[in-house]
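Each structure below appears as structure tokens.
Here chain A shows up in two complexes: once beside chain B, once beside chain C.
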Partner chain A sequence: MEMYSSVPEFRVIIDRQACRLCKRCIENCSFGALEWRDNKVKAFDDRCVACQRCVSMCPEDAIALRRTPSAMSAHPIWTENARRDVFTQSRTGAILLASTGNELHERVIFDNLLLDACQVTNPAIDPLREPIELRTYIGRKPRFVELEELDDSLKLKTELSPALRLEIPIMIAQMSYGAISLEAHEALARAAVMRGTTMGSGEGGLHKKLYPYADHIIVQVASGRFGVHPAYLEAGAAVEIKIGQGAKPGIGGHLPGTKITEEISEARMIPVGADAISPAPHHDIYSIEDLAQLVNSLKEATRYKKPVLVKIAAVHNVAAISSGICRAGADAIVIDGFRAGTGATPKVIRDNVGIPIELALASVDQRLREEGIRNETSIIASGTIRNSGDVAKAIALGADAVKIGTAALIALGCTVCKRCYTGKCAWGIATQDPRLRSRLDPVEGAQHVSNLLLAWSIELKEILGAAGINSIESLRGNRDRLRGYGLDHTMLEILGVQPAGS
Partner chain B sequence: MCSILGIVNENGKLFSAKYIIEGITLMNERCNGLGGGFAAYGLYPEYKDYYALHILLKDVELKDQVAEMLKDYVNIYKDEEIETRNVERIPQDYTPWRFFVDVPERYTNDADNYIIDLAMKINNTGGALVISSGKNMGVFKAIGYPDEVAKLYKLENYKAYMWLAHGRYPTNTRGWWGGAHPFSILDNSIVHNGEITSYGTNKRFLESYGYKCSYFTDSEVLAYLWDLLVRRHKLPIEVASEVLAPPFWEQIERMPPEKRRIVEALRMTYGPAMVNGPFSIVIANGSGLTGVAGNGTMVGLSDRIKLRPLICARKDETTFMASEESAIKAVCRNPDNVWAPRAGEPTVAMVNGDV
Partner chain C sequence: MRIVANYKHYKELNEEIFQAVQAGVAELTLEDVNGQRFIADCLKGKLNIDIYGTPGNDLGMFMDGPTVTVFGNAQDGVGNTMSSGKIIIHGDGRDILGHSMRGGKIFVRGDVGYRVGIHMKTYKSNVPIIVAGGRAGDFLGEYMAGGMIIVLGIHNRAKKAEILGDWIATGQHGGAIYVRGNVDDSKLGNGASQFPLTSDDEIAVKKVLKEYCHVFGLDLESLLDSEFTKIAPLSHRPYAALYTCE
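This part shows the complex of A and B:
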């Protein structure tokens, strides 16, 4: 055995006196880190991912996980992780795979933004006594409203574009059936219905079980075009074209054939056992005018009744690209920041490509305003929205709404062990193994996600009330109500935010 | 806290400044001497076809420079210093000047926007501020209590058919001449009591329609929003009021279908124009608006949960709108009718007579 595999990251500590040898932990460990040997539970620490399944399932609380105290000689540049990665690649000759979001850049700009509140000159509003409104419409808005007077009453002359009505400005992100289990998919869809918002189908089509919730599902059209057919487009609340995602800008996707079960094959419309490969680009979109064509054909296909969204990763030139997307007819642009999560991505891409959502969002909003086209499209921000504070800050920077992925999965029970790509998720979320899937109850899961959205909505109302605002649209783009704390001049300028104290 | 007062004669008869000064002065407790101002309509009947630009000059020597700049864009028919007298407590920070101008013929079909662009250009140069730019009207404002400002400008010499007045207690920016109310653009003037919590949203929304905010105070956006909604987008007053102080979604859901469609469309389109936070405002318009006959309107409006006071009264052909009933009673002992408008519902007085 070589050095790096003999110094595992975690150590499983079993209290032998408390252990009653029920083997429940062994049954629950989907990573094979626990086995029955010599009439006792034996831990294989090098296989442990610290998913906490055994810890929470042990009836005697006899298991604890510890991060292995490293005895390796310290080096500030050659960190243990850096050494491990080099070692692993020297033995495999392969790309390092990773899940979840960027781990290299710990700084979250949201944490350096401070919200405002009323004192004296202006009454704060108590959300328990006064209505505070969160309803949000996603879609193209006219530049003005035209009315005409007919028989002494006013009639609306302006025709409005189709819009998505959200009761809260928080949507559930695009995660495919295939990347996550049917149970997880169903739980998210049910939660979206419960809270009057939407979830995303992801690029894996829609299982027939999800169709009853489809008026709260944004159906995705990605480069692999998996599962796209007229009834699918017709069923969704809106259609979203995925150009890229924050965790892997410019990179395609690969769902290995071993995961293409009967049911997934049906939803994705590909043979059982065939690899599902999403190319890096859409092979019918090599430039912006091709995107306009796809936007228009999807609108045509849905009889101009549904908004069409376009999702891109936040890359360096995101403002100019967004302007192009807006002019290509997209009713909303989803911008996914460089900390966004995923089931599987090359680690080097995840950690090194793209820019933070805060900066991308601020510059896109500003650019569209400067061009006088901000009303023509909605902006949806995603990629590390961790709490209602992040939601409020994103909206104040200019977002119409935000999307949450990782947070919704954590609500379902995800412990962020970062092994989604193995398909062995012990919590039944990122897996297709029927035995593991059965661990997730979609109804209970939906309740948890719904609770989370409810809690954040209540907090949002508190934030708005404190700021003396009784409707979310008065926070949107209201950068005056933000201050930067510990941000440098250039960053403040891009964010359009004053430093705290000024 | 601030004080606001509007008085309008609906038959367009001119009356002296005495009433507005007396009424606003009664509410001096609501202000702190850091700003006072008046708007008057019907001031310049002999020049009523010309845009009357009231400009504050940081330095009297700037006058020639401003005149030069104006000549590049408009024809100056007449210009003169606005007469003032020394008032002890008012620092001589600015010299007020008035120009009567008209727009060269090739721009006359878009003259209003042309004048707005010009006013914003001058405001951006620094040193000169266009405080009003309408026809047959003007704004007078400075640091000081309203009665001091009236004294400064010798307002007792003026007559108008519609008056607005404001006493300021600044809460978000320093007290300076330009920050005093009314805020005015073309024929619109506005006095505001409150603090706009949606200022950043409103300001950025207005910027995308070409407005530039240069007075460092939230109230300014109200004048531009009103201009955008009623003049440029031609919304009737009631509808424009619904944009500034929209009904709650819950109320909208109970509306009849067509009305509901309209209000939903308004909230979706003009969400960023919604004015949040406490406000009561009185807006004066010197010209006919969409759906309103006549030669002017005065509109009183409060925020949708009425966090600032607004009281209206009527006596014969005169309508009053004020922060406090006492201000009305000070100049009109026995009004025919006194009422408190409901939250978010506009009170509209129309000027029907010739002016």
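This part shows the complex of A and C:
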């Protein structure tokens, strides 16, 4: 009867001749897939998640992981995953949890968009010799500016709204302390400082260790209001109201009590061991007017010194909703696409709810332009930004900046084994186990994330230079510098992009 | 110090209050308050604010320390996500009073509206307390994670109106609601149940009510004469069995 559970997804292959029985692999496996039996390492394939920890820790390269494609007879519709899910749910009667992002829809529209470059008629710019501006200001921009002429200078008369100054148009996404470890949180904060950008506190409050970096941290206010207090609001570079996230639009979150350790409890300000429940809606927001009230209360709380961002998942009516959010006074709208990652979400929601970030972004930018309010808010796009090409394309589709989550975690050592929800992350990222956490060095991790951001920044300058553009601002919403390749007419229309060759 | 709010925009009024507090003013009286929002939003420290009129939504939001007394009714969102301090309302409070409150006290002489005390939480010595003298509407203490709510139904008895609305304490996973009188089980949402008061409960309720009666000049003994009902969660992890994984 328990047939499926005995068909493992991966096979751990140990080279018995090379293995010197040091047991390091056993110590490193946090999923219990390797045990010491009869004086040798025994693998329990069904527990293996292919996180690669043992493979990389084996001093003799004696371990290899193989996928087991022949384990089940093939069926194009009843895939192994589909069968496994039915089996699991038939034995538990429960909601299937998943981590990371959408696995059902493999198509990424970014891959069907092509960037432009100069040839002959207008010169390309060499970013190695000429300055190319990546600095980005996030916040409300005035419709026009009034200047006052002084004797030998000009003075700005227009009162500007508070803005976030970013040296690069790439921010680190909101990931909570609780979903990820303190070491991961610290590494991301340090990286944000190093590259002149921001990271997000997530909705779990801010550990006191992170306060020194708080001028590069956007503090989040979510429906659970965990760890939200005056010092937290005043510390952050900006405040972000989380309405939804791409991996679970319309869904609240339950951080299980088993993960509420002493330290998490302190940051979230809730008792150890009790579930941390973030309700699906904010109970003080039932309308755009109510959202405006929360935006304004946060502006009042921070004495109008910090931008207030509002994050939503990309859903069907994203353009109209964004118009409302802009009118509610948000200084920036963060739109999280349906491929966005997460520590834990119901799989059915992750794979089936929401729309792609590319389409959401284009339609929001278009709508705000049509309504003449695009200057009143910044747009930040997130949900599988995998490389600098995606960054450039997102900006050309209308984003002011992008946020990266999974990419930053991969830089920290994440191998996308998709088991964040277990809390057993062997790389010390999505775990609160002190033994596992100690595997992640925040300083080294910060350097890796910083390197990634640096590399993408240099590449962005190359992309801009090639297009003959010397400032990222001139790429924003510049869909003329994009062409669609293999996209249907309707999609091109929504994206506001011409087909390649036209 | 006295500030007349009259028809000032809340931004102007709150800036005046903020400047006064910055300048070291510790006693403030606001007169002719006409629905101005966010009064005492995120204010900290020892500070007394007396309000005459009707303050607008989110009175005392994020507040951490001050005492605010309203001589009149308050609107929605009193003490929203408040950290500490005290809010005393000599009239009625409205919806989502004490939303996500994590410390301090809100004493209301009269009734409170819907969704009061939603997602209140306790952290160590921070135990938020709400006392409503009259009745409370639907969804009282929904998702309640900590703290104490007391509903007295003082005025409702004569009117024979129900003390509580429906769907009380749905999804409650911490804290306790004490109601003066009996509660029908049909009023409770999922996750909560009725329990007899322990001697610790009785001591805690008496302590809070003593202060409440002192504030409003009520007779403590006559309040304590009645039976109280305690509503508390069945589990601190109500959704533990909801999920599975591969």
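To be clear about the criterion, the second predicted complex is superposed on the first by the 496 of 502 C-alpha atoms of A that agree within 3 Å, B and C clash if a C-alpha of one lies under 4 Å from a C-alpha of the other, contacts with A are read in each partner's own complex, and residues count from 1 in each chain.
FYI, a residue touches a chain if its C-beta (ideal position, glycine included) is under 8 Å from a C-beta of that chain, and two chains touch if they have at least 3 such contacts.
No experiment lies behind these values; they were computed from the predicted model shown.
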Which of chain B and chain C A:471 touches, first, second, both or neither: first
Which of chain B and chain C A:95 touches, first, second, both or neither: second
Which superposed partner A:375 touches (first chain B, second chain C, both, neither): first
Touched partner set for A:250, first chain B, second chain C, both or neither: neither
First (chain B), second (chain C), both or neither touched by A:156: first
Partner chain in contact with A:224 - chain B first, chain C second, else both or neither: second
Touched partner set for A:279, first chain B, second chain C, both or neither: second
Common interface positions of chain A, toward chain B and toward chain C: none
Residue ranges of chain A in contact with chain C within the complex: 84-85, 88-89, 92, 94-98, 224-225, 228-230, 233-234, 254, 256-257, 265, 269-271, 273-275, 277, 279, 283-284, 293, 296-297, 300-303, 346, 421-422
In the complex, chain A residues that touch chain B: 118, 120-123, 125, 130-131, 133, 135, 137, 141-147, 149, 153-156, 158, 160, 163, 369-370, 372, 374-375, 467-471, 473-481
In the complex with chain A, residue positions of chain C that touch it: 10-11, 14, 18, 37-38, 41-42, 44, 57-58, 61-62, 64, 76-77, 80-81, 83, 96, 99-100, 102, 115, 118-119, 121-123, 126, 142-143, 145-146, 171, 173-174, 236-246
Chain B residues touching chain A - in the complex, by the definition given at the top: 171-172, 194-195, 197-201, 203-205, 207-209, 232-236, 239, 246, 248-250, 258-259, 261-262, 265-272, 274-278, 291, 304-305, 307
